[in-house]
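In what comes next, subunit A is part of two complexes: it sits with subunit B in the first one and with subunit C in the second one.
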Partner chain A sequence: MAISKNHVLKLYKTMLRESEKFSSYNYRLYALRRVRDTFKDGKSLTDSTEITEAVHKAEETLEIIKRQVVVGNLYAAEKLVIEKKAEKELTSRQGIRESCLDGDRNT
Partner chain B sequence: MFRNSGICLVAEELWDLLLPKKMAAIANCVRHALVRNACLLRVMLPRTAVVGIQQNHIHTKTWNQFYALHKPSLIQRVISPKRLYSSKAPLSLDFIQGRVLLVLKLYDKVDPNKLTIESHFMNDLGLDSLDHVEVIMAMEDEFGFEIPDTDAEKLVRPADIVRYVADKEDVYD
Partner chain C sequence: MIRLSQMYALGQKSRGAKDISTAVYFGTFAVNQYCDGRVSNRQYATAPQVLGLPKERKPIDFTKQLPTDGRPLYLDAQATTPMDPRVLDAMLPYLTHYHGNPHSRTHAYGWESEKAMEAARKQVADLINCDPSEVIFTSGATESNNTAIKGVAHFYGAKKRHIITTQTEHKCVLASCRQLEGEDFKVTYLPVNNLGLISMEELEKAIRPDTALVTIMFINNEIGVRQPIRQIGELCKSKNIFFHTDAAQAAGKVPIDVNDLNIDLMSISGHKIYGPKGVGALYVRKRPRVRLEPIINGGGQERGLRSGTVPSPLGVGLGAACSICKQEMDYDHKWMELLSKRLMDKIYGSLDYVVRNGDPVNSYPGCINLSFAYVEGESLLMALKDVALSSGSACTSASLEPSYVLRAIGTDDDMAHSSIRFGFGRFTTMAEVDYTADHCIKNVKKLREMSPLWEMVQEGVDLKSIKWSRH
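Our next item is the complex of A and B:
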């Protein structure tokens, strides 16, 4: 059974959505970048066996991402400084709330 | 039996209202009473309520009525539950259009000079299907609702997206 284009696109979207849920900045960006790059490289594949193999590998990786998202959320660390600054620039109201919380934590 | 549940409700509310430091001991009293006998509660609660009141300077008249403990409507009068709804900001077609174009301009694979409301993603802007998926995901994040894949494949220009969002959000300008 040939893998349809829609199946691949759906898989791409699911993987990106799951990767966004990582709480660790590094894991999150790495997962997003790796998913994008792997799918872009796989665009040129034409052999159906290769395509099926790549899709199966991607589905396994999706399971890994889901598991690691849950594990990462169990032991979440503090946000990195760059993340905090980005939040403050994006939404000022939430930034004020965040900075108040940080103030409580630092004192 | 109804009276007992009334008492329990009242006790719980007292627990919430009287929590500040002075009342800690009294609240504990009430809590313990709840855990033990209901009859014991009936005996203890009025006393603790009265004691609590006098220390807290609450209007005696209201609390004497509480002390009577025979009307469930009192509970509603003292703790009047309200329903508070929230809604999103009102949308207009121009607002949606502005947001869609802004999101697309921020996407680094799109050349902002070539971007117009009618430019086709694949033909004019040179995006491929993977980029299209990313654009649709960005739109989902921007407007806060999911776009199913069957609808997503039909959205091939910003104008389509604007029209789709307007349909979903019931915006008729």
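Our next item is the complex of A and C:
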């Protein structure tokens, strides 16, 4: 059975969406990077059995990701300094934007 | 406390004191406390050695560090690696429902666990291209090394009483050899050159008719240097000597084929390859057969070489870790190269007088050991408390001696004390490397600005006599 392009695209998007849910910064970023690179490499596959094999493997990995996201969230740890820093920068930037908007309104 | 002497000296200088020579230079690199000659310490570079008063270093209590905003980044992959989620996923069923003893022969619980254990053994074997029956599960590389070294020595000890190793081995190899010396075995500890590599000529010269074993590590855990394993294997084969290699830092990270490389015994550790702690493996060649006297006696599991119930969940974890490493080896290796290049480019682009310890060519890119001249390693580690790093400075450990590995490659004590090991892994991100490099650069600059010796360097005071040997 040939695998449709649509199916692969959907699988790719689901894997990215599930990977985003890892509570650990390092697991999350690795999963995203690995999924992207695997699908990028997979584009060059032409043999239909190879494609089927790759898709099955990806489907298995997706199940692992889903389970491990749950496990990871059960025992989530404090965030890393690098995440907290990014969060702070984000909120301060939002703060600036809001005060700018306020300024606009005032003038 | 550390900087007090320097502050004092700078203060003196700003008050117009001209000659600040003596004490200041001590203060540059060490806690400025004179002691009664107990600790000898070579001075770094051109710092004048005055009064012959050695300085004393005090261990820093790292538990007293200020709390940081968030957990530190992890850049200590040589100490241990986090478990891969895929490994945990493979293990969980055996930590829960499938709890049987893999050696139980009479019921399904035993059979399930045994099947999983044997599948894992095959995964380990596939990584290093050997037969599954040549893989023995142990508790880790320490046990594998002990079993291999003491096992060969004791089994062949009636005729062969000599062992060759190197000065830069892991403590567990050195301590096993010391133990054997206590039993009247002779051990040659080969020196390494200033890149950390052994010399094949010296190895050949050290071989005696009664040499039983050569044990040389694959990749060094402190400086990442890769020994010429292929040549050593060939030499040992031609001389009919068993060759053991501690591949705790190499297995799963670089391709290893024990047949191609003529390795007779090899140690693997689970927790260095994204597997669980407390499990490892020992490869023991069957053809030609290597015989060992076991350290642990009992029920005769693992071909009688390591009695005791194999912890099947850990075994399954080690197997999964090996299988993932095999599948991801190229991908991981490319990532390590990318990360190390990024770190080196950043640091070398912004800082002078940084020395890389160990051979930059024959090395594993995931381990970079740098010494920052004119900086105290302890202060730098404290300043970099946002990042979990390891240092060649002894003040991180119980003993006050600096790293024996750095000593063996001829690094002087001050440079050893200012060394930091950056260890990358599969889960290290580019942003983490950038963060670490930026903080490192910022803090080295800051610490150097506080150092009078650095001021002298900036003023062009004679630096010709400094040996920047491994630059």
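Here is the rule we go by: the second predicted complex is superposed on the first by the 91 of 107 C-alpha atoms of A that agree within 3 Å, B and C clash if a C-alpha of one lies under 4 Å from a C-alpha of the other, contacts with A are read in each partner's own complex, and residues count from 1 in each chain.
Rule of thumb we're sticking to: a residue touches a chain if its C-beta (ideal position, glycine included) is under 8 Å from a C-beta of that chain, and two chains touch if they have at least 3 such contacts.
Since this is a predicted model, take the numbers as computed values, not measurements.
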| item | value |
| --- | --- |
| Superposition on subunit A - do subunit B and subunit C clash or fit | fit |
| Touched partner set for A:I64, first subunit B, second subunit C, both or neither | second |
| First (subunit B), second (subunit C), both or neither touched by A:L16 | first |
| Touched partner set for A:D37, first subunit B, second subunit C, both or neither | second |
| Dominant toucher of subunit A (residue count), subunit B or subunit C | C |
| Which of subunit B and subunit C A:E78 touches, first, second, both or neither | second |
| Partner chain(s) touched by A:Y27 [first = subunit B, second = subunit C, both, neither] | second |
| Minimum C-alpha separation between subunit B and subunit C after superposing on chain A, in Å | 15 |
| Contact residues common to both interfaces of subunit A (with subunit B and with subunit C) | none |
| Contact footprint of subunit A on subunit C as seen in their complex | 68-74, 82, 85-86, 88-89, 92, 331, 386, 426-429, 431-432, 435 |
| Residues of subunit A defined as touching subunit C within the complex | 22, 25-27, 29-31, 34, 37, 61, 64-65, 67-68, 71-72, 77-85 |
| Touching residues on subunit A, where the partner in the complex is subunit B | 5-6, 9-10, 12-13, 16-17, 36, 39-40, 43 |
| Interfacial residue positions of subunit B with respect to subunit A in the complex | 128-130, 133-134, 136-137, 149, 153 |
